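In the two complexes that follow, chain A is the common piece, with chain B as its partner first and chain C second.
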Partner chain A sequence: MALTSVPFAIFAIITGILYFAFPKREYRWVILLISGCFFYVYNSFQYTAFILITILTIYLAANRMAAITADTKAAVKAHKADWSKEERKAFKEASGKKRKRILAAALILNFGILFLLKYFNFLSGSVAQILGSDPEAAPQIHLLLPLGISFYTFIATGYLIDVYRETAEPEKNIFKFALFVSFFPQIIQGPISNYGKLRDQLITPHDLDWMNLKHGIMIICWGLFKKIVIADRVWVAIRAYYDNGGIDGNADAAGYGGVMVVFITLMYALQLYADFSGGIDISRGICRVLGIELEMNFRQPYFSKSISEYWRRWHITLGAWMKNYVFYPIAMSDMSKKISGSIAKSSFGQTAAGKHLSRVLTTAIASFIVFLLVGIWHGANSKYIAFGVWNGLIIMISAMAGPLYEKSRNALHIRAEAAWWKLFQMLRTFLIVLVGYVFDIADNFSNAMRMMGLALTDHSLGAFRSQLGTLGLGKTEYLSVIACTLILLYMSIRLEKTALDTPADLLERRSGVIQWLALFALIMMILILGTYGPAFDPAEFIYMQF
Partner chain B sequence: MMTEMTETKSNKKIRRRRTLAAVLLVVSLLASIIFMDHFLCIPATFDQNRVLLFHKEPADSIDVLLIGSSTTYSGFSSAYAYDQFGFTSYPYAIGGSTCNIWKPALQDALRTQHPKLIVVDVFGGGYDLDLVESRNSQVYTIMTHTPLSREKIETAKELSSKIDRTTTASLLLPFIKYHNSVPANLMDLKDRLDVASSGPSPLKGIETLTRTRELADVDDISFTDETAPLDEKTEAVINEFMDYCKSKDLNVLFVKYPTVLTKNDPDELQVNLRANRILEMADEAGFHTLNMQKHFHEIGLKEREDYYNHGHTNTRGQKKVTGFLGDYIQNELGIAPSDLSDSLRTEWDDSVRYYGAYVEMSEELINKGDPQPMGDSPKLVRELKKRLD
Partner chain C sequence: MEELLEILSDLRPDVDFENETKLVTDGILDSFDIISLVSTLNDEFDITIRPANLVPDNFNSAEAMLELIEKLQDEE
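So, the complex of A and B:
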């Protein structure tokens, strides 16, 4: 039941009707829970046990940790008079260790499941290859990935760490916690919601509100426009490129040159953004109708002026998760402090470069690790690891070479606020992003390198023009992609300038007639230009596979 | 109190405006979809026009209904048959049709007509259904013009289960399949509206090409009565069609139009041999059959002069085939022309005039060496009208 399918639309509408019509307002959240369970079982029946294990173990672990915390506080309070400071400290440390053990056990179990299902086969094959044996003969787990496992594992473990850090209260009601983990609009491809931001919204009853309904429908339509008008159309060309051997060893037979590599990479950038952000818009739109505000996951990422900014605008909730639960623990760890301290104390640490390095080295290393994990999160393949390493390296180098970069800019008398400079920064960042995407497009690391080599050396425009027809799109379809991309670009510029969240917010400033016409035009574009019906084989949302 | 009343009034006004806007949106969307579904989805081809214009014929005014594929509309002229034999007819045929199109086409045609004879062109049945499953556009051409009814829903369900890459929903609402064609189809909206708003066409669904065969295709054989076995799927579809005809007590003639067979094309030869097998099946089932291939020389056909390619006749061949088939229908099967009302007679007499102009124009283009497809369309009718005026 894909987000863009008719059955899903019917399911979402029925859920909405039942939710708003349910007479006992305080139990409306139960409708969402039942819908979530139905959706999961319907789509991933044979893997339901995995999400149940996650719900159960995280729920129990969080409550056990909270109970230990409460018991510790009560004991400390009760023994305030008869315990010495050392005794109190020792007792607290012992409790802390217990909590840490519970946290570790729950994290190992849940990430272990994720690892086994998602990465074991890749790792087993790689190890076999390194040891010189046949990777295909290596032990394999023959299971598909449970729906949304990367997303719900991160959502649930994020909550657990928050409870461990005591920044979130543990959920006492297991059904309410199950709702948080299995909430159907976000289970397919995120966003990776934060418990503190979502919990109350899910439990609090909402009534049908005209503005929410109108905005929600507009956001859903905008998401559909991005997904089925742009992303799925462009996917036809990308798939044809794949099928014609553009990404593998048969590339010579296909005869695609460097210009085609650049073109497909641009198409991929468009498709990936339209696909993922379109799906998120559909989820957010459904939630808006229900009166629930999901976290923003994209903020015009291709307008970023640096790679670190790009990752603050692209898949924002994954970035936030990584920052909270991976980056900070590494950057703030005793080991990091020690490394920074030892550099600062050394003779090199007394120089300007040394001082800078002592400040940024550990954060740069933490960033690198984060992006390595981001790459691995995307999938079990050397190309995703290369994608993560590429992004991590760029961020690491940028952080370490920051002063040099500033000096060069000053020496060239370039104003940081100059429009052309900002545009240059955007284009430069986009180019770096595109290089990362080549790893994504290719079927493995070596082919990614081959494609990049082609892009740098083969610039035959004539061959490219004659090969455009092999990508499965006709002239009208190319024109429709161009026109719709321009609409997307225009809306992105408007949103960037106004700092608003969605096109629905932009339209809210216009008259009712304009809003009506815009919605009508948007729906007509989806109906006419959308890739649906028996003539098409719809592409699944790319991020579903992660 | 006053303020509360004013607020209530204002709230009511807002609610009314919102309801109106929502209703207007839904109605506008539905109206747009219905309009596009009807006028802007299926490509405005001669096939599309032929089916649409068939339904413009007055009810129960067709004596002989011809169904099948391109060999039907290129091989038979209704106007010429009326001129020579007096019976009315119409080629309800769609290019590239396979045998699984026969039943829906016949069902659709029988909604408005009750012909004395149905002529089924078996040539399309010779294509192996497993190999041509992607040919599903013909069924959409038919379904587009069928008004929504319980029967249509049943037919759509049946077809979608049998024909690859079709769905019940898209057969009922072709917009679901053809929505992407709308922008390109906007270009000929005028012609589409002209066809939709016109009366019966004087060209009666005719179509051919103004060309003679290339000299390269000279390795001809004229007749073989050998047969080749049908695949299971095709055989089942044909048996079902024959059962349907029997259940409706229809007078049916299965016919194979004469084509130029060439030894250089074994695939095409196989299609012909399978078509022969269909004639054999029809004969065994007690239907009339006629293999015109057998009468190639008797009809007076010339392999090069009368054909525009190996399978299809130009206007020269068309007249000869129509003459032979019309004669068979009248004299062997005893189909007599119906008494026509004055308006119908005028309409058919008019079609004879138009056919004269059509043949004249076709001859000019053949002689000029200018190969043009000449099918039933408002544009061609306008051109021929100019000639006649």
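So, the complex of A and C:
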């Protein structure tokens, strides 16, 4: 049941009607839980056990840790008079260790499941290759991925770490916790919600509100426009490029040159953004109708002026998860402190460069590790590792070379505020992002390198123009993609300038007539220009398979 | 407060720390700034800031940071 399918629309509407019509307001959340269960079982019946294991183990671990904390506090209070400071400290440490063991066990179990299902085959094949035996004959697990496993595992473990850090209260009611983990609009492709931000919104009963309904429908339509009108159409061209041999070593058969590589990479950037952010819009729109505000996952990422900014604006909730639960713990670990300290104490540490390096080196390494993990999160393939390494290296180098960069900018008398400089920064960042995407597009690392080689060396426009027709799109379809992309670009610029969240907020400033006309135009475009029908093989949301 | 403001302006001379109240939420301080700030604060105030303390509410303004520092000093 894809997000843009008719069955899903019917399912979402029925859920909404049942939710608002349910007379016992304080139990409306149960409707969301039941619909989530139905959605999960319907889509991923044979793998329901995996999400149940996650819900149960994380629920138990969180409550056990919280109980230990409470017992410790009570004991310390009871023995306030008769325990020495050392005794108190030792007792606290012992119970801290217990909590840590529970946390570790639950994390190992849950990430272990994710790892086994997602990466075992890749690793087993690689090991066989290294040992010189046939990778095809290596042991394999023949399972598809349970729906949303990468998302719900992160959602649930993030909550568990928050409870461990005592920044979140444990959920006592297992059904309420199950709703948080399995909430249907977010299980398909995120966002990776934070427990503190979502929990109360899910449990508090909401009534049907005209503004929420109107805005929700607008956001859903905007998402459908991005997804069906732009992404699915562009996907046809990318598929044709794949099918004609553009991504494998068989370049001669396809005859695609360097200009085509650049063109397809641009199309991919458009498709990926329109598809992923469109899907998130649909989820957020549904939630808005229900009175629930999901976290933003995209903020015009292609307008970023640096790669680190890009990762704060693209898949925002994954970046936030990585920052909170991987980056900070590594950057603040004793090991990092030791390394920074020893650089600072050395004679090199007395120089300006040494001082700077002692400050940023371990942070830079921590962010490199984060991006390696982000790459691996995307899938089990050497090309995703290369994608992570590429992003990580850029961020690491830009952090370490920061002062040098500032110096050269000043030497050239370039004002950081100048509009052309900002535009240059955006284009430069976009180019770096595109290079990362080539790793995504190619079927493996060596073909990604081959494609980039082509893009740098082969610039025959004539061949490219004659090959445009082989991508499965006609002239009108190209024109439709261009026109709709311009609409998307215009809206993105407006959102960027006003710092508003959605096109619905933009429209709210206009008169009622304009609002209805815009919604009508959007629906007409979805109906007329959308990609439908049996001839079109509807691409699942790219991120749904993660 | 004086000492804290001095540390902050050493770290980022371009930011008005006395009046900003959304340092983290608005992305004025990025995670690299936060990490280097944390290590300076740990040394100067003899405290241990943990990952759990790194919520935006604790770092959005100089005032909030001071509150966190005082809270951690009490716990030591």
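Please note the rule applied: the second predicted complex is superposed on the first by the 546 of 546 C-alpha atoms of A that agree within 3 Å, B and C clash if a C-alpha of one lies under 4 Å from a C-alpha of the other, contacts with A are read in each partner's own complex, and residues count from 1 in each chain.
Operating definition for what follows: a residue touches a chain if its C-beta (ideal position, glycine included) is under 8 Å from a C-beta of that chain, and two chains touch if they have at least 3 such contacts.
Because the structure is predicted, anything quoted here is derived from the model rather than measured.
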| item | value |
| --- | --- |
| Partner chain in contact with A:Arg312 - chain B first, chain C second, else both or neither | second |
| Chain B versus chain C as contact partner of A:Ala137, first or second or both or neither | neither |
| First, second, both or neither for A:Phe520, with chain B first and chain C second | first |
| Chain B versus chain C as contact partner of A:Arg359, first or second or both or neither | second |
| Touching partner for A:Ala81 - first (chain B), second (chain C), both, neither | neither |
| Which superposed partner A:Glu166 touches (first chain B, second chain C, both, neither) | second |
| Common interface residues of chain A - those touching chain B in one complex and chain C in the other | none |
| Sites on chain C touched by chain A in the complex | 27, 30-32, 35-36, 38-39, 49-52, 54-55 |
| For the chain A and chain C complex, residues of the former touching the latter | 165-167, 308, 312, 323-324, 327-329, 331-332, 337, 340, 359-360, 363, 366-367, 399 |
| Chain B residues within the chain A interface of the complex | 17-18, 21, 24-25, 28-29, 32-33, 36, 165-167, 170, 175-180, 182-184 |
| Chain B-facing residues of chain A, complex | 210, 476-477, 480, 512, 516, 519-520, 523-524, 527-535 |
